[in-house]
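Here is the structure we will look at.
Labels run A, B, C and D following the written order; every chain starts at residue 1.
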Amino acid sequence: MGETEGMADLFWPGDARAGDILSDEALIAAMVAVEEAWLDALVGSGIAPAGAAKEDLAALVWPNHRDLLAKESEEGGNPAMALVALLRDGLDHNRDAARWLHRGLTSQDVVDTALMLCASEAVASVRASLRAQVAALAVLVEEHRDTPMVARTLTQHAVPTTFGLKAAQWLTGVLDAYDDVAALVLPVQVGGAAGTMAATVELAADRRDPVETVTMLSLELATRLGLTASTPWHTSRATVTRLGDAAVTCTDAWARIANDVLLLGRPEIGELTEGGGGGSSTMPNKANPVLSVLVRRAALTTPQLASTLHLAAADAVDERAAGGWHAEWATLRTLLRRAVVAGEQTTELIDRLEVHPDTMAATLAAAGDDVRAEQRSMAGLAGHAPGGDYRGATDAFVEAPLARAAGVLAAPAEVSP
Amino acid sequence: MGETEGMADLFWPGDARAGDILSDEALIAAMVAVEEAWLDALVGSGIAPAGAAKEDLAALVWPNHRDLLAKESEEGGNPAMALVALLRDGLDHNRDAARWLHRGLTSQDVVDTALMLCASEAVASVRASLRAQVAALAVLVEEHRDTPMVARTLTQHAVPTTFGLKAAQWLTGVLDAYDDVAALVLPVQVGGAAGTMAATVELAADRRDPVETVTMLSLELATRLGLTASTPWHTSRATVTRLGDAAVTCTDAWARIANDVLLLGRPEIGELTEGGGGGSSTMPNKANPVLSVLVRRAALTTPQLASTLHLAAADAVDERAAGGWHAEWATLRTLLRRAVVAGEQTTELIDRLEVHPDTMAATLAAAGDDVRAEQRSMAGLAGHAPGGDYRGATDAFVEAPLARAAGVLAAPAEVSP
Amino acid sequence: MGETEGMADLFWPGDARAGDILSDEALIAAMVAVEEAWLDALVGSGIAPAGAAKEDLAALVWPNHRDLLAKESEEGGNPAMALVALLRDGLDHNRDAARWLHRGLTSQDVVDTALMLCASEAVASVRASLRAQVAALAVLVEEHRDTPMVARTLTQHAVPTTFGLKAAQWLTGVLDAYDDVAALVLPVQVGGAAGTMAATVELAADRRDPVETVTMLSLELATRLGLTASTPWHTSRATVTRLGDAAVTCTDAWARIANDVLLLGRPEIGELTEGGGGGSSTMPNKANPVLSVLVRRAALTTPQLASTLHLAAADAVDERAAGGWHAEWATLRTLLRRAVVAGEQTTELIDRLEVHPDTMAATLAAAGDDVRAEQRSMAGLAGHAPGGDYRGATDAFVEAPLARAAGVLAAPAEVSP
Amino acid sequence: MGETEGMADLFWPGDARAGDILSDEALIAAMVAVEEAWLDALVGSGIAPAGAAKEDLAALVWPNHRDLLAKESEEGGNPAMALVALLRDGLDHNRDAARWLHRGLTSQDVVDTALMLCASEAVASVRASLRAQVAALAVLVEEHRDTPMVARTLTQHAVPTTFGLKAAQWLTGVLDAYDDVAALVLPVQVGGAAGTMAATVELAADRRDPVETVTMLSLELATRLGLTASTPWHTSRATVTRLGDAAVTCTDAWARIANDVLLLGRPEIGELTEGGGGGSSTMPNKANPVLSVLVRRAALTTPQLASTLHLAAADAVDERAAGGWHAEWATLRTLLRRAVVAGEQTTELIDRLEVHPDTMAATLAAAGDDVRAEQRSMAGLAGHAPGGDYRGATDAFVEAPLARAAGVLAAPAEVSP
């Protein structure tokens, strides 16, 4: 299909960061890759004739086909059928390829597997962002484990804490998200018309063990595409909902950081500065914490998208859902792109962050007596004079997340799905 | 910007039906229209020099600017700032226009007003679909007010009813949605930096009554754009949430129809046929009720989008929300486009619908005795022999929705916002 | 059933404010009221014998029946069937009443109508809260129309405004919510087994016009219960979703106020104080803005409850939804109780609110030059020296909401549904 | 507190199945257990005097205190403060216990830890239900691995399959849910006023290593309560959101079963019967698939509850969220109770399920030629005559879920958290 520059959504500033991930073009390319890998597997197993595999299917789809496919996808109810028709048209010079293309598959196989391929890019991006954040936050925690500041609860000053411990809480959220993302499994879908693989078994009817042949084909497809092998999951959609839940766990963690930056960067507080910062269309000199705003925005929208994936999963019936399955595609696309964008924005936000220990110290000093009231009360109870800075276990509590961070950073950066 | 063919989303089959409504291009065109109308109003009032209004701003934005604007919108956090910069660049030959462009406005004024302009197209489309459905359903009700069928509750046969009464229930849902859509108000947003219009008042400082001048400018903007005048609603977002709620009320009504078509069109039931119908990528002869599936799909996703608009509204703080506002744009876009698409699909679904009175009669006859058990019990209670077809008030209950339908159809097809 | 003290949910502090509204006891009482009104109507019309109406059905249900009914409601899938059985048992001394009880109705009639009765209490409470807020906010706006403060956008200082204008934005949100609540209609549901009223028509078979008799019975029921008459709306649920949407529009408006109080009440800002305020379990002297926290809490949860009502509406199929209908009851209960509670809390919050004009003035003065940058830029453009306080139209913009407030307050406090 | 019979919600038929799990009474009991275990740990470590641990705190709270606590919880914004006050009142005879009660803890410690204790009961119940379902479904799969039926996609007949494979898809969903539930971790929360444990460190100031002492106390608390030890997670809420996501993954899997039972149990299809079945309030002889309806109902509501937990997590700011934390309690309660109820209902549904192989065979035979069209087309392509029953790999595809099921059933039934 040639190069594309990546989509970008004017209604979602920052969307360009996600480039082509889960774009229409990426979905088409992934569906083509699925058809090609399957056709090659059929040929490789001797079921289809050798000539069927000689084609570079990707070359048959041109950029201007996108609009056509988008429009024609309505008739079949999904984008795979229109693509198969387009590819068959493009294969009129190779009758074997045209005849054997897509044999044994159904639309859901192509769409589900292509979505997993596309999702793997999003997951890799999110994982890389999380990893970069783990590294940056671990440094921040170490730097500020002795930076005192006032802790705030329910908007009011509470007791002393350190900025290192606050950053360690941020880090814990990021580590939790990392664990969930790292545990994701992205399988191929190969079930045929109704999850029985009957068509492929029929095609392999003259083999010694047609069912085993078919199982090997499914494994072969997974290997070629870099996905996990699986029996059909047409109507059992935890694969999809876990992707959604993990993505939301990410935006939860990122929003928690953005919230603090927005708050502590207010002019009256001034303990943090986003750094960089956007301007105003009418007010010169105004520096807005744009990254934090945009990250927070994402987190206001993603939980409802993930809930839609669950509702779609719960709508499964028969051997293919009549609406639930169709509701997944755009929802997953939007959710994962937003996670990719917010992930990069959060990394940048952390990198740019300016910490103002002097202001933190000044606020704490000004809060003075009030934030020591609990200390006096405890010291009285224990029967000794209050002493020290009342920082409690702030220094110790950063160790656990730092150790988890070290574990993440010691592991190889990229793992295969 | 020249002609565009309309966007289409491969992940949402049928999206092409919404054409350019709320596309990136439409948003840009609407923002340009807002800037131009405001500049013209400034000139018209004598505040800005006459030369400032001589420009066709739309000619300054080319199709290839879209990607640029989409990318640059991140820096300012919204798409208006990048557009203003682009327009000013394009106006280097007209210093007056460049200097007076956007004066008195803030980004939120431009984005909110442009969104309302874009939304007005979506609302008009949805309203036209609802009206067409009201007309078609009224005919269907009349045709089948004497077509007996079995009523089903909790999946089981209950008592006799008519298909006319079922269609009247469909019609009631559509009429309720129509009422909510017809009540929508789409206002301009003109508040300046923080909803005080201070900049424009300053610009008009030499007028007898600067505040009145400013109020007239706001009214003038509304008139030029075909929207409703309003004081600023920067942080009071019922305008947006009502749009969302009305759109969901539409998809609720449409899904209720699609559900019945999907169910009654099952081969074992066969009382309705979607008509037309999509094929299968591997099974010849299979006719899928694709429109119903796609309408149902929409209704599984829209309630959560509307809830996001409410969450954004509830996030308002200060004189501009730090994330809530930004979460609205893409959410409203997606929600309204899905309503437009599902609206057209439902109209087509009703038009194509094939009703099978013979099958309905046969099912009712087969259910026979069981669906008359209640009748026997009531007749016994009343002390008479059960008689008649036990259709109750089916014939009478269609009158109220038919009368409402007549009212809708008697009103002018299109109203100004 | 005797007196109950009102339920209270430990997991939702403040829930006790909603008293018995939509409690289990209230639902039982409402269902009993529906059965009694219908039985009386049957007798009044001469269909049922006079003796059937002599019973005080409410006396037959005792407090300890609640657990029984709650447990037995599972078998029938709804609470009406178990109640009818209980009432019939209690009527063994009056065979006419036992025989004629519930005749012509179905469970959905009883549950839906009872829910509307219960909802009417919630709506009245919310409406009274909104009205009290309108009155209090109108006073606040008037008091502070000349109280200068800094406007904040995206967390940063922007330009001057007045606290009066901020309060006017709060008022606008409350007025919008009031309009939506005031427009609600609460109808009876009378459809019989499948929305055809066939049973009642059969019972009235010996009348001149059985269908007209039945229509009069439905009207009679509405009159007795103080609800609106309606043809059946078994599967057309805008009645329910509009209740939900209006309730969320309320919590949106209330959260917008709470957000400002939480923010401006931070110790570093100090422009508002919640007044009253909760303590801490470990830190003496700490005053938490508890009402604001609890109001904000509500608004984080209600949009998703309203979206569930829409999903339930979109799930309608046949002549009774198989799950969608059942999902409405608890959802509507929780949503409306939370609205009632948040409404009272917001009224109290406004009443207790302490405004600190001196601090507002000091912050504005400190922001000084920066918040006048736009003014200088505009004055330069207009060719005059910047002058005045740059408050723009703040004084004028409070007039529209004040006028709307006056309209609300001039109308009678309570209207019949 | 004495015996309670378990709550039951009339608005949610079946709720009684959840008994006291996450009831108000259970929350009170759990909070008391937390306070008592902490007090005992303080005494055990020698920080508090021995006399402080002599009390049975649970005996100080009586059933009629529930309403009081529910009402007073509003003032502090959470239920812990009112409870501490009540317990201190009850301890006026033991000054040591009164003085040392709750020392070092904050309300969030008590509420969060108590919620985890309550949640552990819900998780155990759900896990037991899933395990019972795994056992029952494994039997069903084995029994019907050779029971042919027609597969349906998009409501239409597709190709042959077996009921064993359909049941294996059900089983896969249940196994996926089991995996997610089994992976849950339920930690104690011990952070003190702001997550620094400063109060407890102050109390232990005369120890050799106060921080280590405090860490041991936290571990001791976890051991006493049967929960997992953890550093504070005040503002990092994946603990809570994972509970929610796992619960929804359960209801997704259960609804997928219920959907099939509802559909295949329709009189026109008749391939399954729910068994048992509820009646109708007006129609004798009608057997409604009530369990399936109620399970499906749950799944329409839980995804939005889980999304609220995520929104609450993303709302974290400072050292305690101002609303987000408070939104969790009732949401988690409702979500987990619904999962417990739906879990039991699904187990019962599977146990009661009646399978009608003859009807399945008859439907498949009637569909005849159409569902073999793909087979003919594949056989033609492969160059052989179509032969056999076209069941593909149905027999093989049940092996993987059966093996997973065997793994689950081989593991010990109950694990400690």
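Keep in mind that, in the parts below, a residue touches a chain if its C-beta (ideal position, glycine included) is under 8 Å from a C-beta of that chain, and two chains touch if they have at least 3 such contacts.
Keep in mind it's a predicted model, so treat the numbers as computed, not measured.
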item: Selected pair, greater C-beta contact count between A-D and A-C; value: A-D
item: Chain separated most widely from chain D, comparing mean CA positions; value: B
item: Mean-CA-position distance for chain D and chain A (Å); value: 25
item: Between chain D and chain C, distance of the C-alpha-averaged centres to the nearest whole Å; value: 30
item: Centre-to-centre distance between chain C and chain A (centres being mean Cα positions), rounded to whole Å; value: 38
item: Interface hub residues of chain C, defined as touching at least two other chains; value: 77, 104, 152-155, 158-159, 192-193, 199, 262-263, 280, 282-283, 288-290, 293, 296, 299-300, 304, 307-308, 311, 315, 322, 374
item: Residue ranges of chain D touching chain A (in the complex, touch as defined); value: 47, 77, 99-100, 103-104, 151-155, 158-161, 165-166, 169, 172-173, 176-177, 180, 192-203, 205-206, 211, 214-215, 231-238, 241-242, 245, 248-249, 251-253, 255-256, 259-260, 263, 296, 299-300, 302-304, 306-308, 310-311, 313-320, 322, 374-375, 378-379, 381-382, 384, 386-388, 390-397, 400-401
item: Residue numbers on chain D that touch chain C, as the complex places them; value: 5, 8-17, 22, 24, 27-28, 66-67, 69-71, 73-81, 84, 102, 105-107, 110, 192-193, 199, 258, 262, 278-283, 288-290, 292-301, 304-305, 307-308, 311-312, 315, 322-324, 326-327, 329-331, 333-334
item: Chain B - residues contacting chain D, complex; value: 152-159, 262-263, 265-269, 280, 282-290, 293, 304, 307, 311, 363, 367, 370, 373-374, 377
